[in-house]
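I have a structure here, written as structure tokens, and I will follow up with some questions on it.
For reference, chains read A, B, C and D in written order, and residue numbers begin at 1 within each chain.
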């Protein structure tokens, strides 16, 4: 095994990232060592690159960043029972404790003692990476490593979409980023009567349409609420998925919702904003789910089912494939916003 | 049968109410005519008395008001099958159409075509009243008419409390009005580990304590969030029931909630207010239920079960019993706020 | 309006049916009168034709039979609010009371006082038919009357399939009658990872395959449990839908089920049979749903959504279209078993 | 620390148990070593004593048996984070793998690779015992070790009772063993309208009554179904909990159930038996849950809540407290059936 490897570091508390040599890590008794084959750049990685307010508070340089990957197991600890050398794995970003109230009652995704891979602790943007067995996910080897490295947004979409019923329902999705278009695809594949996707960028609306949205609306050009009402015989949608992180989108969604409908909120808002709790929540009587991460491991099983049955093809949202050494270019593409997923091949 | 009867009218579009003679109404083929035995004054009736903004928009004088009652069936329409002369009944305030999407899918409490008894159509503050069979509820005759006339707030409490799990849970209830104290009683009776009730008035906190709250907090004197955290080993409560209609109470409740907990919102806020959706909903990942009215008829069955098993004694929240002719006094007591339920005997 | 009409009667307590003239009925204040455009023959109608043990106990000759129809509203009672002359409607077979415990808590499909159209009371196999508004369903006029007359088995399938999760699940369906093949179609359309349909007849297996089954097994030729295990990586299926009414199919299904899976039982067994409750239920820990009829009206809304979005085309299961006057031929085809739905056009 | 300890062994593949000296075990990095303070004898232990058919197939002598305990942590492995020296703990009997499908989707209680403490691997009937951190449960030190050693049947009861709604419901419990009487107590404490407990032994019925049953019936002397119908206004019970393991009890329960009710099956039947699936499941349309073990860790949290709030006092079901050295006497009492829980103090 190589003793040195390439790794992308946040080296100092300042903007930017550097690629450097690092020691290949050694797995503990319940860990596996993987050779990384592909890694995706997430919006969170860009925040760390930019060294924004959130990163400054949370990320401890020097640290290898990155959390979306697919790799091959090349070494396993002596207590590992569920993985073999040669397995193609990805890993859940949330390194959960397994022992707190949340972990012990089915909510490990909001573990009280969670550590995030590539944020709080060593990340995966490197030739080799150590993965604790309890955060490892064994992939279907028929799917390509690039696609597998990009499955986390699909997992977020799975969690949001399936926090309630979908089949036979009309669904409004605000936001057409990678998670939003995965959500449109899932709703379509899961028997929604009609999927209405909304965004401000034509590039993204086109992607939503290709992935399965029945109707796409440009919120900058159309009266969203009016259009949704027309598309639903004046009843409003059964389900509203908020993936835009915009207070305006939130309000439009609530106004488009059928009384007694379902709302799942995944988007992140920059700050608190005014909500008409009385009319939009108490009187309208929806069920609202806050969506944080991906429920473990239900969402991974469902995501796998949709990928290996051929229902969801993530190749459609991978717009850029670059070499690991060109990571800087990948981050610039991400910052431009003119992309779906950007995947680095190692 | 008497041909004339006493009735409390909102006669003109102005503050105040008057008692007048009216014709005894005639039931249709699917209605029953009841002799009213007891009727309770609700906060909504006070709004109509005061002729506030909401009333001005909605209530069409001249109209008999009132919706909380218990009466005896003295005549039945020819198509009535589930009620008999002599039955002691109450009636659901929401006169639902039975045919809209909401009615046909278990949500008649948010019927699209709903008419409210005593608000949109003839009320029950009169010696006799016509009740459509499909809105009638047959009472247990072992319970007194006064108590039965006051069971609607219990129904609201039932809906709010049981919109999620209660047994073995820690529960925070903001607000100790009639619905809030009924909620405390229900949580206690349904196996909550700890019920924490919060209000600003000692009079109400005392009632909550008597009805079953384990801990009562005066929000004007104590740091609510800190106390709740202390009472829950720093984990926060499992369930937060908002029955105060105050943005401050809403925020304190969200801050006191365990990640992944349950929130049920019944309180009415005067206007929109700032909510930290990102931290309090998306990241904290609760399920939030908007609670409007009482789910039909599950809540009536549950309320009856708690009353007839002796678990809930609404006599404890009836603070005033007055004669029908003294209704004006009843409204003045309600306006003072120094009361639980005010019941008129006919 | 015509004063006389054709109608199919069970005239005497003996096998057979006759077509006779009858008076066109008059709608009451909450009824509509419809001109029947198409009517489907159900297995229940065949039982009545044959005058089997069940029919002898339940059906009161002389009576017009039939319950699956689509017709046009030509007259409406004065209290009807949700339908207009010209509307294309079908009707729920279960004429529910709306007032019993089951009706009042969302379970009208198991109403305590239920009367079945065409079994307990006048049926729809006639030129004109009276439908109470509360059992009428307004159809999408873009769909053909023949298809609309055949939507009840789709409703049964909807109820069975969606009594639990489907998306991303592996599903075993025992039985490929009209309800079984509708179930296969629904599962496929609702995002199942894999749908395995089982029957003894190639004719039916072929229909299941066309409607969406991924794998079809002839239980007379293959080892069902072994095949299911192979198709599911040895885990067993997540969901087992029993639509065959065979004790052997029941056992094979339980043996093919993943521990903790879901079972929905719709098939009717001729008599009680041995069940290994300890191993197949207590230790295996599934959730089992008994499925009776169609939940009102959720199943109708979902069935409509699947039809009008083009996901389910019931034309594929209508194998025979005959004239009303040729009803006798229709019953003979039904008895042969070599058919899907048999629809009579009027 | 002592180097030798007492331990109860199944030494040879034959009836009987012996107490012998054994080495005090050494905890691994994620284990704790506990000094056992109290241990309860379970029916399973009696089966192993008797060396019945099941034991012969499953238990590998020589092995220390026992799985219900309370002990104090006296040593902890270096990777243990959630426990401290001095903590009072119990342990879940099901040593789950944490990595199979069931474990990863909230069903660790039916782990595919489960090992049972004291059955498949070293048990706790010894002075010291090693407990993996992920199976340890930190107790409330205000509760006595004897009670804490007997909390597993409470956990089973919690799982069975709360697999559906309880508050305001009428509930039939077949069987008044330790789990059955805990179930009666839980139902009563969780707001059931009426709890009806059934058994054949007066001793057990008396215990059920003391723990909270409203009505107790001796199935040997009364017509159970008739009595249940009388107690429920002819509607039948909302919920049926089967904890007797008797086909007759199963049938009586199904006949006593309200259409659309809930059934939870925990009892173990010696062999398969005839079930009227058509009438009792398909037409009656209940939801049926197979109950295996205790859902992890929800049931432990709920059990703790009921114990530490004082709602459930397990002292009432501990009928015998004996010395560890007198274990033989304990097993004889268990075999007599004239007891609740038998606890050994160490």
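Simple rule for what comes next: a contact is a pair of C-beta atoms (placed from the backbone, for glycine too) under 8 Å apart; a residue touches a chain by one contact, two chains touch by 3 or more.
This structure is a prediction, so every number in the text was calculated from the model and none was measured.
Graph distance from subunit A to subunit D, where chains that touch are one step apart, equals 1. More C-beta pairs in contact connect the chains of B-D than those of the other pair, out of B-C and B-D. Our note on geometry: subunit B versus subunit D, Cα centroid distance of 41 Å, whole angstroms.
Centres computed as Cα averages put subunit C at a distance of 43 Å from subunit D.
Under the contact definition stated at the top, the residues of subunit C that touch 2 or more other chains are 101, 105, 301. Those residues of subunit A that touch subunit B in the shared complex are 101-102, 105, 107, 109-110, 112, 235, 250, 258-260, 265-278, 280-292. Of all residues in subunit C, only 158, 162, 165-169, 186, 189-191, 193-194, 301-302, 305-306, 308-309, 311 touch subunit A in the complex they form. Touching subunit C in their complex are the following residues of subunit B: 29, 81-82, 97-101, 104-106, 133-134, 296-298, 300-301.
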